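There's a structure below that I have some questions on.
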Amino acid sequence: GSSDSGPRLELSAALPDAAADGTVLRVGDPATQVALETSGLVDDLDIDVEWANITGGPKTLEAFRADAIDIGSVADIPPLFAHWTGTDVRIVAARETVDPAEHPTYELGVAPGVDVARIEDLKGKKIAYSPGQAQGALVLNVLREAGLTQDDVELVEMQSVDDAFSVALASNQVDVAPLGQSLVKTYLAKYEQDGATTIPPGVRDDAWTLYAPTSVLEDADKAAAIKEYVGLWAQAQQWISENPDEFAQAYYVDHEGLSPEDATYVVDALGEFTVPTDWDDFITRHQQTVDTLVKEQDQEPLDVETLYDRRFEKAIAAAVEGS
Amino acid sequence: MATLATPARPVAATEDVRPVRRRLGPGAPIRFGGLIGIAALLGAWVVGSATGLLDPRNLTEPWTVVATAGTLVENGRLQESLVTSGVRAALGLGLGVAVGTVLAVVSGLSRIGESLIDGPIQVKRSIPTLALIPLLILWLGIGEPMKVITIALAVFVPIYIHTHNGLRSIEGRYAELAETLGVSRAEFVRHVVLPGAMPGFLLGLRFAVTSSLLALVVVEVINATSGIGHMITLASNYGQTDIIVVGLVVYALLGVTADAAVRLIERKALSWRRTLAS
Amino acid sequence: MATLATPARPVAATEDVRPVRRRLGPGAPIRFGGLIGIAALLGAWVVGSATGLLDPRNLTEPWTVVATAGTLVENGRLQESLVTSGVRAALGLGLGVAVGTVLAVVSGLSRIGESLIDGPIQVKRSIPTLALIPLLILWLGIGEPMKVITIALAVFVPIYIHTHNGLRSIEGRYAELAETLGVSRAEFVRHVVLPGAMPGFLLGLRFAVTSSLLALVVVEVINATSGIGHMITLASNYGQTDIIVVGLVVYALLGVTADAAVRLIERKALSWRRTLAS
Amino acid sequence: MASHTGELKLDAAVRVQALHRSFNEAGGVLNGLDLDIAPGEFVALLGRSGSGKSTLLRALAGLDRGVAGHGRIAVPERVSVVFQDSRLLPWKRLLDNVVLGLRVPGAAERGSQTLAEVGLAGREKAWPHELSGGEQQRASLARSLVREPQLLLADEPFGALDALTRIRMHTLLRRLCEVHRPAVLLVTHDVDEAIVLADRVIVLDDGVVRHDARIDLGTRRSQADPAFARLRAELLHELGVEDDHDAVRGRSTLDERAAS
Amino acid sequence: MASHTGELKLDAAVRVQALHRSFNEAGGVLNGLDLDIAPGEFVALLGRSGSGKSTLLRALAGLDRGVAGHGRIAVPERVSVVFQDSRLLPWKRLLDNVVLGLRVPGAAERGSQTLAEVGLAGREKAWPHELSGGEQQRASLARSLVREPQLLLADEPFGALDALTRIRMHTLLRRLCEVHRPAVLLVTHDVDEAIVLADRVIVLDDGVVRHDARIDLGTRRSQADPAFARLRAELLHELGVEDDHDAVRGRSTLDERAAS
């Protein structure tokens, strides 16, 4: 718990090098956990980590608010909504895909019999739209990229729970819906014979972050622990990129219960990760997304730079270059 | 032996001395007693929030909730959601209650009906509604019919189980009586089965009403642009605790009101009973 | 008037001629009748899949489900999930049943207890469990206690409502009798209230068991690494329809078995009743 | 429709042959009972508490499907039963209880009228639980009488009635019997009542009809009549009560007189 | 403990003064009833069906909380009630029903013994629904007798019993009364039974005690005794039955004789 909190640390102060003995970092990042454990990197961790099997924006935010974890692993949208709904958070690590155009996180699923080959063809189509989820932001980004507005298409509001999107596509309830890579495989396997296709989204959707509540970062011990963790996290991402088969087996097969083929497909589809040591481009792209959301969803304008704790940028750079 | 040694004295006109016997039943109902607990709950919330015992990030303060509700009413979202959800819930409830009752009577009065109907319903109720959504989308699309039917599916289960159970609990001697009176099967259903199963049915209705409300959260995830469930889901994606809590308060209000209404019907419709409650 | 013109003839040793009267009750139970409907459902699934009427992309074929189940058993995931979930559900069920029963008795026998307890429970049951999760995480963390208590919270509601309702439905004349016999309050609860509310309690138990299973899907979304609910959630994240269906079949099996078990208990414990069912 | 003819055996409303019924292995309640009732005949059934009177009535009414046993029973189609418990549907008001399943024009009026005849005028809208024990019994009697059965099976229909009300009910029952001539099997514990009302009194014992007495006292039957007294003594004797006049006695001398 | 003394008014087990009870505005069931019962006194209560006998008993037992009315009632502490319906708990076996709430050593044996005394030996484990009407009534009697009350309120406890069983129950009741000397208020419709058992017979009518007759026939009471017959005729007259011997009569001459 947070009761045994360490000394207070200003957000502008330099990060301490080492955490006090007995500092426990509670991490909701099962993929990294698996990577660290499989690669053996976990032995390099000097801090005590308590792993929680928690993923996804809403769940990590819930856990933050309940003070159940210290750091979470999500795409670039959840930190924005955390901020907009009054939970003070900072992004402490960033990751992107080496070849984002070839390895998008999401593809746009196209329903059987619907003629969409490029994102410009979306005009006039029914698109599944889940505001509040990463998929929703993606749709808005895609429309911007295609030079379309919400008025040029028909947005069908629905949540991307389970395989709702692929079912909606298959039964022609919507024409286009964003599908995560793991669902793309099953969607095509099932409905390609009927004429179902997918197209790449044409925008980058590869941003991935670690983020933590500000209150955690104000705890000197926790901050030091996070500094230690993000360094190892960066190495773990590198390990994943270099050992896709091992990771596929350990995480997607053993931990998530996919079949080996599906696991390989997903890992291949997601491609190699890279951990930038300079966040400027990353932040610029993030700001673009923010502006889109501000425009399309009436959110409060935000300078996204303020959400980044760039002290960790250096820590990560040091760790990556040092390894 | 206790005897009375006092001489008889004249009794004042309306003097009322009755033997005192410890009451074992619950006694006379307290008027609006049901509200006491709810008021206490509200009080705890207000006090907890005011004293800072409840962190507003976790549980929004009552006044913030009121303010948020005010905003939602001003921009019309709350009313719109209520109307949309209300129509959906009412349609689903009506359909579910009708289907559930008919199935319960068929299955309650015929062993063959029971062996065909009862098993599948037990299967249905063991399966999370959420998991049925993909199939329902495939079969019914993502429009209103799918939503209404999904609600009906959530509703008919408690109606069926309770009515069936109520019916099966009718005392056998009343069926005997009906047999000797030579009533037709329809008369039997109308005069013996339905009134006899009424207590069960009404209990089922209490669950059905809540089920219909809860099902909104599930169905309004799909192709909905308004509705209480939609509002809550959206807010929880965004992490807008205050809106979620407004939604929950609305739920609580609807739930408690509906439950009180059913219990009122219960009191009227079952006035023939002489139970611990009366 | 119908009269018999035939002369009396000797009756064969075990000849049994009884007046035929149309039976209005449901008649004698069909042995394993409950399985007929489930078998029919299974049959429809098999036939539908074999003939292609059911698209395997929408509903996995039974044989695929069996194969998938085989794989899951082989790599140990299914057993592990069953054990984990079983422990959670059992603990939650036990806790919920105990709390629900005690609250029901307190609220059923005292109007003050009722006015304090009943309202908040109605509020609780109007609120989607899902929406309570954030608060429960806040108060109980993300570990096992949170999961067990969440299940207990889902379970205690039907137990409370049914037991309370069953208790209040006890005929008033039995309370009168108990009063004249001068039994203590504890004896009254033990000999009159509990057995009298038993039919209600057992019906509540049927719902409680299902609730405990369904609650697994909700709680095992949070920081769980195994369990049936976790398995289903994970599979639906990845669109693994076959695993989902395995999960649902397990649910159906558990649900139907548990329900049958409770109904067996019901038959034994309520053997004193003479109802339409008997 | 003669009830005292020699062709009785050939012209019976009720015919029971070799009737066995038992509730457990310990022993039978009915052990090969034979009984014929002619159309229009009024039979009173006496017997010790627990001797199987209700069991017999339920068998005749076809209400003992689950009970082990065998034998042959033939009864007319329209059978009406006055149960030992009054068995009013608690969720129906009095009139609705009485006319339940009655499919004749003006059922409600007839129901009201019959209620008046059993002394319950104006209570049409009462709930069963608002009636006294005797009122419930009369309501249940009204329900049976209103539907003109071919066979009336009445299980102690007057047990909870005071002397005057009882006489009135006797009168009512006899009048209706004279009009519609149903066969009647009436269980009673009151030997006088049996003698006054019935054409025949039978005593059930050990699961068979142990005693079968035709009452030939004519239409005017007075307890003062020596034949009445003889019949009475005979029936009481069958029931195990040795001496009619001393049978009912006060205080501590009672013990030794009750024959086992 | 004399029950026939002049100090009766000063030494009562039950004292009821100006008792009113009514179920609706139409009229009262009890209209200013006064009644004293001495300790150990055995009072039989007669009255027409619906005259308010059960209402009075329920008032004495303190079971009419919800009923409108006033008046003063004083009763001893340990009151035992035999209800008009037998009111056995359907979910308890017979013995458990009988000893329910009985807190004495050897309750089970005493229960079994009392069951045997009411003729239900060996039925300890029977469910109430497995008993005949008379057996249920006797079980309910056993339940009251086993707990030695100061006041026994019995609402037609012998209504469903045959002549012999009834005599046995009379004997049993008298014997227990002699041992424990409770005050007894017993409702019955059987005038003979009232005369045989009671020290005093009262008739309830119009909501008050209309007739109060002390029975001074000694311990040996025979129906042949002319005093017995006189008392009987007097009570029947009070109940509205004009002529004892002709009161019970057969066939069509009945109508005109039943006095209104």
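Chains: A, B, C, D and E, in written order; residue numbering restarts at 1 for each.
Everything that follows uses one rule, which is that a contact is a pair of C-beta atoms (placed from the backbone, for glycine too) under 8 Å apart; a residue touches a chain by one contact, two chains touch by 3 or more.
Chain-to-protein mapping (UniProt): B, C = ABC transporter permease; D, E = ABC transporter ATP-binding protein.
Since we're looking at a predicted model, the values are computed, not measured.
Counting hops only between chains that touch, chain A reaches chain D in a minimum of 2. The minimal number of chain-to-chain contact steps leading from chain D to chain E is 1.
Put simply, the C-alpha centre of chain B and that of chain E have 47 angstrom between them.
A straight line joining the Cα centres of chain B and chain C is 18 Å long. In this assembly, the C-alpha centroid of chain A lies 40 Å from the C-alpha centroid of chain C.
Along chain B, residues 21, 23, 58, 130-131, 134, 138, 173, 178-180, 183, 192, 236, 241, 273-274 each make contact with two or more other chains.
Residues of chain A in contact with two or more other chains: 62, 65-66, 161-163, 170.
Each of residues 61-63, 79, 85 in chain D touches at least two other chains. Chains touching one another form the pairs A-B, A-C, B-C, B-D, B-E, C-D, C-E, D-E.
Interface residues of chain C facing chain D in the complex, by the touch rule stated above, are 1-8, 11, 13-21, 23. Residues 21-30, 33-41, 55, 58-59, 108-112, 114-120, 122-123, 125-128, 130-131, 134-135, 138, 158, 161-162, 165, 167-173, 175, 178-180, 183, 185, 188, 192, 199, 203, 206-207, 210, 213-214, 217, 232, 236, 241, 244, 247-248, 251-252, 254-256, 259, 273-278 of chain B are the ones touching chain C in the complex. Chain C makes touch with chain E in their complex at residues 173-174, 176-184, 187, 191-192, 195-196, 198, 270, 272-274.
By the touch criterion stated above, chain A contacts chain B in their complex at residues 57-58, 61-62, 65-66, 81-82, 84-87, 130-133, 156-159, 161-164, 167-168, 170-171, 173-174.
Of all residues in chain D, those touching chain B in their complex are 61-63, 78-81, 83, 85, 87, 89-92, 96, 100-101, 127-129, 143, 147.
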